[in-house]
Each structure stands twice: as C-alpha cells, then as structure tokens.
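Got a structure for you, written out below as structure tokens; questions coming shortly.
Chain IDs A, B, C, D, E, F, G, H, I and J follow the sequence of writing; residue 1 opens each chain.
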Amino acid sequence: MAIAEITDKLLAAKKAKGVTFADLESAVGRDEVWIASVIYRQASASEEEAKKIVTALGLGPEYAEPLMECPLKGSLDQTIPTDPLIYRFYEIMQVYGMPIKAVVHEKFGDGIMSAIDFTLDVEKEEDPKGDRVKIVMSGKFLPYKKW
Amino acid sequence: MAIAEITDKLLAAKKAKGVTFADLESAVGRDEVWIASVIYRQASASEEEAKKIVTALGLGPEYAEPLMECPLKGSLDQTIPTDPLIYRFYEIMQVYGMPIKAVVHEKFGDGIMSAIDFTLDVEKEEDPKGDRVKIVMSGKFLPYKKW
Amino acid sequence: MAIAEITDKLLAAKKAKGVTFADLESAVGRDEVWIASVIYRQASASEEEAKKIVTALGLGPEYAEPLMECPLKGSLDQTIPTDPLIYRFYEIMQVYGMPIKAVVHEKFGDGIMSAIDFTLDVEKEEDPKGDRVKIVMSGKFLPYKKW
Amino acid sequence: MAIAEITDKLLAAKKAKGVTFADLESAVGRDEVWIASVIYRQASASEEEAKKIVTALGLGPEYAEPLMECPLKGSLDQTIPTDPLIYRFYEIMQVYGMPIKAVVHEKFGDGIMSAIDFTLDVEKEEDPKGDRVKIVMSGKFLPYKKW
Amino acid sequence: MAIAEITDKLLAAKKAKGVTFADLESAVGRDEVWIASVIYRQASASEEEAKKIVTALGLGPEYAEPLMECPLKGSLDQTIPTDPLIYRFYEIMQVYGMPIKAVVHEKFGDGIMSAIDFTLDVEKEEDPKGDRVKIVMSGKFLPYKKW
Amino acid sequence: MAIAEITDKLLAAKKAKGVTFADLESAVGRDEVWIASVIYRQASASEEEAKKIVTALGLGPEYAEPLMECPLKGSLDQTIPTDPLIYRFYEIMQVYGMPIKAVVHEKFGDGIMSAIDFTLDVEKEEDPKGDRVKIVMSGKFLPYKKW
Amino acid sequence: MAIAEITDKLLAAKKAKGVTFADLESAVGRDEVWIASVIYRQASASEEEAKKIVTALGLGPEYAEPLMECPLKGSLDQTIPTDPLIYRFYEIMQVYGMPIKAVVHEKFGDGIMSAIDFTLDVEKEEDPKGDRVKIVMSGKFLPYKKW
Amino acid sequence: MAIAEITDKLLAAKKAKGVTFADLESAVGRDEVWIASVIYRQASASEEEAKKIVTALGLGPEYAEPLMECPLKGSLDQTIPTDPLIYRFYEIMQVYGMPIKAVVHEKFGDGIMSAIDFTLDVEKEEDPKGDRVKIVMSGKFLPYKKW
Amino acid sequence: MAIAEITDKLLAAKKAKGVTFADLESAVGRDEVWIASVIYRQASASEEEAKKIVTALGLGPEYAEPLMECPLKGSLDQTIPTDPLIYRFYEIMQVYGMPIKAVVHEKFGDGIMSAIDFTLDVEKEEDPKGDRVKIVMSGKFLPYKKW
Amino acid sequence: MAIAEITDKLLAAKKAKGVTFADLESAVGRDEVWIASVIYRQASASEEEAKKIVTALGLGPEYAEPLMECPLKGSLDQTIPTDPLIYRFYEIMQVYGMPIKAVVHEKFGDGIMSAIDFTLDVEKEEDPKGDRVKIVMSGKFLPYKKW
C-alpha cells in the first residue's frame, strides 16, 4: 500500500507519543474513526480540526495543511483486499449484499444508503463468550429522483 | 445474477401473498436479514425454521428442504458490484477499510471481526432531514492464535 | 448483454407500434431518458407511471408490474464496455475525471455529485458543422459528513 | 496516481498563490475544466495558452513547454476508480449507458457522441434544497461511415 | 462467442448458396468488410442495403430488418482475444501503439484517427515469397477541441 | 508507462534538435514508423542503422548500442489502453475483428496475417472535409501447417 | 468449457468405437495431435482429411463438413487455466519464458518461433524411474522484417 | 519487468565479455537454457555450478551466492505476456491445450507432465525454407495418487 | 458453478439414500475426500471403484462410466472464490504462502510439494473450546531437476 | 514482491549467522512456521517473542519493535501466484475446494474452518520412494450464527 507520506509521519508521531485514537477523539471532538480517516487521507479536516489533530500528536502546525486537502479516496491497493480483517467486509458484501438490498428496498423503496452523508462507529462489546466488534453505520437514505 | 430457482419461487410467493420480511421475522422468530439470507441461499435453516418460512409464504412443506442445505455462498456475479446500493458497501470498505483496521487493532490487538459468528441488522432511523439507514454489525473478535 | 425479458417485450412493442421515446415522454410526463431507464430496468416506476408506459406501447396492464420492481442495476456486461457510443463515457471519465474532481472540490468543497438525486438529459443541438449531442447532468452536491 | 511532475509543480504554485481555476479561466480565455485538463496533462495547450497559464500561476516561461506536448491520456490508475466522486461517473455509465444509447440512436441514427470534438462544463446550481453540480457535455455526433 | 441468431442464419445461407463476400460487394455496392460487419451485427444497413444483402443470400425480406438496427458493438468475448488471427491486431497495438502515436502527433498535432468516420479494406497482395494480407485503414483525423 | 531511459534520451535529443521522424526516415533509409519503434524499444536496429539514428539526433555513438538489443516488446502499461488515440485500435479490433477474420479466411484459407513479417505505414491524406490518417499494414499470410 | 457440439459427437463416437488417436493417425496419415486439434475445432481439415476422420470414427460424411471450417481458436475458458495438466504449460511459460527468449535471440537474432508454421508431437518416453512425457515443438523462425 | 539486480550484473558481464550461453554450457556442464534460468533467477545452482558460471563471466566469487538461493519463480510481469516471442507459448497452450490433454490422457491415464522433474532444450534446425526453432520438453509423467 | 450433470445425479442419490461420505469410504475402500473428488469430477476412478461408488448410492452401473473419465479439473468458477469456507484456503495461501515456502526450502532444498502425488484428509478434532477441522496434506517433495 | 525492509534485514541476519527456522523454534518456543510468518510480517509477536527472535538472529533490540505491529496481511503480489511451490496451494483449493466443502459440511454442519484460530505445521516425512512434505492445518470450526 502506498501510504501517503503525511500519514506515515502522523502515525509515527502517534506511536512515539503513545496517543490513542480515543485520545484524539477527546482532543478533537470528532469520532476516532473519522479522525483515522483524516490521517489515512480518506477525509478532509477543517483548519481547526487539522490543527487540533497535529497538536494532539505533538507536531507543529505545518503538518496541518495536508490534512485539509480533498484526497483522492480509496485506501486499498487491491480490488479484493487480502488482509483478513478488511476482507471480511468484502465477504459481508458478497454474502449479505442481496439480502440487505431486499430489506432496504422493502423498508424504504428504490434508493440507496448514502456513503457520503454517512457515519461509522467501531465499538467494543464485552462478552463473556468473547468480546465482539460492533460496527454501526448510519447513512441517509437517498431515494432515486425521477425526472 | 443466477438467482437459485428456489429463491425465485419464494420471492414470487412472498410478493403474491403480500408478506414482508418483517412479517417473516414475526413468524419465524429470527431477524429479517437472516431470513432474507436463507431465501437468497446465503444461509441454511433448521428444518423447523425452514418449515416456518415456507408456511408463512403459503407454500407446501416440499419447499422447505432446499433451505436446509449448506449453500455455496456469495450472492453477487461481479467482483465489484455495479448495483449502486450494494456498491456503496464496496466503497465503504475501500474508503474506511484502513481506518477501521487501525481502530480495531488499537482496541482489540491483532485479529479480526468474525463474519461467521456475526449478526447484521438493518433499521430505519426516522430523521426530519431525511430518514437514515442504520446497519449494525456485530462480529466476535477473533484474536490470531499463536502456535 | 442479458436484456431482461420484459425489456425485450417492451422494445418490440415500441418498434411494432412506431412509438418514440419522445412520444413516451409526452404520454407519461417524465423525461425520455428516465423512461428508457425504466424499460431497461435501471429505474423503477410508480404504478401510475408503469401503466402509462405500457398503455402508450399498446400493451395490457399485466406488463406494468415488472416495471415497478427495484431492479438490480448496472446495464452493462463488461467492466470496460466495448460499444463505441458507451465507451466514450468511460473515456471521458478517464481523461476528464481528475480535472472535474479538482474543479468540483474548488467550487463545492469535499464531497460528490450524487448519482441518485440526479437527472440526465440528452438533447440534439443542430449545428451547421454537424449536429451535436448535448448531455446535461444535474446531481445534488453531497458534502462529506463529519462525525 | 502517478501525477506528472509538472502537474505537481503547477498545483503547488496555484495553491501558494491562491489562484482558482476560475481565475485561470479569466486569464487564459479558456474554460476552467479545459485548463485543469492541461494541468493534469490530459490536453495540450498552444504556446500562447501555455504561457498565459504559467504566468497566471506566477511561474517562469520554462514551465510552459511541457504543457504543449501531446500527453499519453487517461488520468486514472484504476480500471474502476475507487474515488467516490470519480466513481459516480462510472456508475452513471453503468446504469444509464444503455438508455442513453437507445435515445441517441433514436434521435441521431447509428453513430456516437465524439469525446474529441467535445466540451465539458462544470457549473454550480444554487438550490434551496442543496446546491447541485451541473455538468454539460457537448460532443459532435459522428455518424458511422459506410464504405 | 455469442453470435447473434441473424448472423448464424445469414452465414448458413451464404455457405449454402456459395456466395462470397466479394459477390456481396458486387451485389450491394459496398465494401465486403463493411458487409461482413453488417452481418456480424457491428454495423447497421439502410433498408435498401439490407434488402440487397438478404436477396443476394437468397433469403426473404423478413431477414432484412434486424440488419437495420443499431447494434451493441464489440464482436469479441474476451478482453484479449485468443484467436491467433485476431490477436495479431492486439499485438500490433501493443508493439506499435506508442510509435504510431508519436508519428501521428508529429504529422497532425494532438488528436486521434476516428474509428467512426473510418474505412477498412482487406486486400490480397500476390507475392512470390508468399502472398500478403494488406489492410488499409483510413480514419478522419479529429483534432482535440479546446473550449 | 515505464519508458526506457534510452527512449527518453533520444526523444529529448530529437526535440532539442528539432528533428522529425520524417527527417530520420531520410537519414536512415528506413520508414519513420519503424524508426519510432526502434526508439521506443519495440524493434532492434543493426549497428549501422543504430549509428545513423543517433548521429541524426546529434548524439554520440555510445547511444547506438542499446538500440541493437532485442527488446522485451509491448509498449503499453494497460491491458486496454486509456489513451484515446491508441484505444481506437483496440476498438477497431473489437468491432471489426470477426468481419476481418471472415474475409481473410475466405480470401486465403485458414491462417493469419503475420505481425512479424509485417510493415506498417502512417500517411496523411489531405481531404477538404478534414485530413485523414491512412494506415497501411502489410503482413505475410501464414497458412496453418498440418503435420 | 463450451465444447463445440461436433466435438462432443466425435469424442462420443471415438469412445463408443474404441478408436485411439493413434488409430486416427494411421487412418488419416496425419499426426494424432493435429487430428485432436481438428476434433477440438482448433484446426481445419481438407475435405479428404475430414472424411477420413469421420469414417474412421464410424460416422456418416455429413459430420465431415464442420471439420473443414476455419474455427475461432482458443480452446480454454480461463485466462489462466485451472486444469493441472494444462496449467503446467502456463507455468513453463512463466518460469522459462525469459530464459528461452534470451537463448532464441542469441541463436537466431530478433524474431519469434512461429506458432502457425508449427508442429507439436507428444511422445511417451519409457523410463525405469517413471515414464516421461516428451513434447517436441518445431516452429519456423520468423525474423522481424524492417521497412 | 523487475529484473533482479544480480541478473542485470551477469547479463552485462556476459555481453561485455562476449560469452554466449553455449559457452556457458561448455564451461558449466549444464544445458544453456538451465543456465539462463539460473541467471534470470528461475532456478538455483549448487555452489560449484554458481562459481563456474560467475568465473566464466569473469566475475568474482561474491556473485555466486545469490545464484544459490531458491528464487521466487515466475519471470513475467503480465498475466498474458505482450512480448510476441513469449506470447506464442501462451497461444500454443490456448490452441493446443485441450488436444494435448486428450492425447496425454489416452497414452498415460490421468495425471500430468511434471514441470519440476522437467528439462527443456532449444535447438536450431537448419532448413532451406527457413530455419526452425525446435523446443524439446521432457517431463516425468506423474499419475494422480488415490488415497 | 456449472456442476456436472453426473455430479448432481450422484449427490441427489446420496441425499435420497442418506449415505454419508464416510459410508462411501467404507464401501469403496478409499478416503472420503478422494471419493468426493471423484463425484465432483476432479479425480477419475477405476472401473471397480466407480461401480462400488454408484452401487453404494443405489444407482445402476450405467452411472459408473462418467466417473472413469479424466476430467477437466478446477472446481470453482471464480478466480478468488467467494464462498467463505473455500476462501479461507485462498487466505491461508496469501498469508502463509511465503513463510511455508521459506520453511520448505530450508528443510528440502529447491523444489515443491506435489499436488498430484498427494493426499488430503479432513478430520474432526473434538475440543472442549470448540471442535476443530484438521486437514492433513501429504505431497511428495519434487526437487527441481537440473539438466 | 515488496518484501518489508525489516524482513530483508532479518533474513540477511539469519543467513549470515546460519540460523535455521528450527533453531528459532527452539529459541523462541513457538513453531517455525509461525516465526517465519512474523518475519515475513504476516503475524505479530509479543514484545518477549520479538526480542527472542532478534536476539537469536544476533540483532539488537531495536529490531524487535516492528515485529510487534499488526501487519497489513497478504504476502503475495499476484492474485494467482506464479511461484510453483505457492501455486500448488491455489491448485489444491481449485481442485479439492468443493470436495472439502462437502465433507466439512457433512461432518460439522454449516460453517467454516477458521483461518485465525488456526495453526499450520510443515513436516518432513521420510519415505524410501521420495520424502514427502506433510502440512497439517488445524482451524477451529466456526458454525454460522443465526440471529
């Protein structure tokens, strides 16, 4: 993966300083997944947000500007990713894609869940049989426009 | 898409009888997405579940058996699906895959979210600015075994 | 291309009756491109719209129902289409994709042009040096949500 | 994306000087999308145009020459682009490709919309329900020659 | 290859009647390659041309109509064709593509050779060292429009 | 495209000295397309030819040797090239591949047009309706050997 | 694999009659691999050869004609074949392709081994350590033409 | 192609010293194709063989060690190679793959020709009608084990 | 997946009769995975084995013959299979491929594990923390031949 | 293959010091395949394990930290690997994938073998007919959750 130079810089600073994404969430007032997306250059921050991020990482303000640019998005090199953690999302789309489509259309009519007016949270659910990863996606339903 | 014959039969019966996935949820005692997965031959039902599904659709018990087989999974024809609703899940994986990976590893260590010991709910969130599709995934965290 | 059966039926009726897409536009009160999308099963019609379409084609009301279903979208067999007319749109995306992205971000900020809250018109521009095809797309700008 | 060196230079100068594509449009007397295409090395400028562009960006005339070369076109790395803004054009081609083909052939006969004798404008449509991106393409209709 | 039904019909009639493409050229007044393109559904004929073709093949006028439709073009199943005769054209593009591009741009400036306002002849050159296949392509040069 | 270093050197010299491919044709006594192929490392020159080429470009004899090596051929990065000028040759193969195959077999029997015992000329045809690019290919017909 | 209908017919007759490819070699006076190629529709036979083949298989002369047509060649469905016996040839090309290229160019100069003026034999070499498959290919060397 | 550094070194030494693969065959006592495979890092040499190779090329013993490593094999960048000489082997597999499979199974039963217990020779056959490239492959027949 | 007709027949008989693969193992005297491979047409049986299989499934001897043919192997439609159970083997190859290669070369030298002189067992390991699937592969080590 | 820098460092140290994977197994108290996976950055070590590995290789503790990071997994460049040793695992999946699936489902019901709660051993089986590579995989069976 061709990780952007700024991403490498910030991740190294984050590691060196021992800052977690949760710490960044507190410092910036935005969700940790969104902040990780900014760092991986999948989302763009406002000047204020960018400065808070680099400050929290102990970096000077000159690192803020690249975080404000609208990035060319898509963080993966491969059409079908080989990393097992990421692949599982491909598998979920393959296995549950049609069932989800059927249920969404029944509940909402013809349209889609927006991936732009969209939030995604990652939570840890403690469970005696083994902790669980909970992922909550919320996307605005966009009905197809007719013209 | 090569929809299985049994899937076509059941969807036609469902439409003819005006049964919703939510009705099936009530009748079977399982989540509607899981039931849709059984109908699209992405999951296998027990004999009791299969019979409840076909009965609720007004079909005879001979339709239950194909729902009990372990299917060859993967409901999509295309590596990158063209249907906009389904594609958005590919986009989410592409854009948020690395950020999610970073957050999950930080919270849980090296491992993955299971897509087998896994549940997925689709909910409608009413919102004055436009209703939202809420998708909740919960998968057991599987730490990498060392040996 | 695996054209849906209903599409073949409607196109045959359209040809037999000598109805143009422009005639359908008048009869249905919707744009001809949208109506063509319904016929090619890329968009779903309301019951009233579906009935107007099949009536205008001289077909009985039993042909209306398939037009009301939410289709599995994506009308092309090939990742990169070979048909020269359709390929040109791929070429435009390849050649002008980055310039458009730069201009849109400059005018609107980070976000996309919706392909769902979206209209597309095809017009004939008479020109002494050779008529021109004018295509006007209008999609709602969707700014990336932060969370 | 392997952005050409000259592109990086010009974009950096543009950013440093705070020049917009609209400013370049005024300075050069050409549309901003076309100018962006020259900068992204998808189109070639005349000597005069190239000089106007680099001057407007505050750069010396030695930067003009690379803009005059006929570039190897195609600005994207991926067959199906992952960037959501650019992908939407792929989606439009997939969903509306066949309907557009049907309408164009009905209006013009057998042939294509040229992507060479072609212009493309990006406009902002203010709209109380959310601003819209308007894209207007105009390509000469090229009828198939018979021989 | 999914050869169209009408193509199979016409080729069978051609074989049964012992008509050559050269005979068709004489009968129709169009080049044999163009006529073969019509038969393989890569080009569309006028009513008069279509009738001449089917008559020359000893078929009734009801076979003329499918030849008048604007076909979905692209006669090959494979991205890189395996048939050795056809593959050689892929090889020529791969090996000589860049040199041709360099020479065309030097002679004509930025633009392309049209594949629409285009003719293609296949000739047999007798040669004592072995006959040669001569292919002559002539396409209108289309300069890139600036706007 | 990973252009060979020697290619870049020679093209830069050619541009600096203002030499055209036609000039090279005169100086070397070989066709300009073949010379461009040598420069793009798709063909190999004899020592004499290589020396004439580098001399004509004002370069020392040490540049001649790389032109004499048998190159790994194939000048394009992409399976389906995105550059519009080069793509048109792919389109011609897709659209006219089967018709050409049919005509060649009828004229010559089973076999192929050689792409090795092969020449290719690019000519400018002046035409009041717009100049045309004429490409003449001549390849030895190779009949399939039986054994 | 979409085996041609005629191939299935002939292979069934061959099996029913217990004829080996070696028997066909004797009956037709051509190598068994070439005859297998005719049967798999990868090569075309003369009328006399075709008749000898079908006669040797105990079939009527009406089966001869399809063997005389110039087939669309390429007998495999997959770009990289999965069948282990056939895949090994892909592996040989991958592993030994560059070494063979180096040796051929050193022995012959720039050019290729023809796959058209070409023969291929399969022989059984008895060996106490395990019999060996011997494959002998002989293709005319074709030097690149200069022009 | 990402040629290994050691390969480039050895090929340069080979060229500078004017050593042929045939010379290496004499010096090392192994076939020239195998030696070329070692140089292209597709095969691994013993210490003695490696030293003989580098000595014959006039290089110091420090170049021997990389030739002794088990390489990651597969010498081509592309799934379907574009180089015409190498492509012909792909074509042979495509065209003659099924016929060879049929003949091998008939002669040997179910199993494959090994590409590991395998030798490959390249010979020049002088022929008044044009010299021929003769390639002899010999691979142990491996019958499928049953268990 | 295009399951062979004979496979469907046998699987239906197996289900109808309630025969397990373990039962077939007892009846045939071969491992159940190998028998499943014969049924899925990935391996070929002797006449005696084939008859035992069909007899154990309660079918007549006419079903035995197709099981004796050498099949075209490769049981999956997709390059990267979507079925989660089968995909895990792709994942294992991706993640552990290089480590396995390193260990095998260290233990055995340059060569491979045969997939032909090869056996594969599937066993159930009872485990209080959850049963485990144990897969044991045993393939003859094939050292690379030098020549 | 883009081998990570740390991997190259460790493999060089391992070679220089003459340490085998078996030696590392003794030193670290983990299986050699798992240790190789850590070195190839497919698995992450604890601090203690990482230090033991680098110490055993004679390297300073500063090399331990990169081995503790959760890597982006997938060690191969190619979708279908060309290296013969690694490819055989792809072949096994292709040929035995469906039979394994059938047997696993029969023994365990619907679910998969985990590739995360998973171990893999490589052993050398001495055999007078040729040593064998034995690979033992053990993965927890994960039944599909219903919800």
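In the analysis below, a contact is a pair of C-beta atoms (placed from the backbone, for glycine too) under 8 Å apart; a residue touches a chain by one contact, two chains touch by 3 or more.
Owing to the predicted nature of the structure, the values given are computational and were not obtained by experimental measurement.
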Intersection of contact partners for chain C and chain F: D, E
Pair joined by more contacting C-beta pairs (C-E or H-I): H-I
For chain F paired with chain I, centre-to-centre distance based on mean C-alpha positions, whole Å: 50
Separation of chain D from chain E, taking each centre as the mean of its C-alpha atoms, in whole Å: 32
Chain F and chain J, separation of their C-alpha mean positions in angstrom: 48
Of all residues in chain A, the ones touching two or more other chains: 1, 33, 72-74, 76, 79-85, 91, 94-95, 101, 105, 111-112, 114-118, 120, 142
Those chain pairs that satisfy the touch definition: A-B, A-C, A-D, A-I, A-J, B-C, B-D, B-I, B-J, C-D, C-E, C-F, D-E, D-F, E-F, E-G, E-H, F-G, F-H, G-H, G-I, G-J, H-I, H-J, I-J
Touch list for chain E against partner chain H, complex: 80, 82, 84, 87, 91, 94-95
Touch list for chain D against partner chain F, complex: 72-74, 76, 79, 115-116
In the complex with chain I, residue positions of chain J that touch it: 1, 20-22, 32-33, 36-37, 39-40, 42, 73-76, 79-81, 83-86, 88-108, 111-115, 117-118, 120, 122, 124-125, 127, 129-142
Residues of chain D that touch chain E when the two form their complex: 30-31, 34, 43-44, 49, 70, 72, 101, 105, 109-112, 114, 116-121, 142-147
Chain G - residues contacting chain I, complex: 1, 78, 80-85
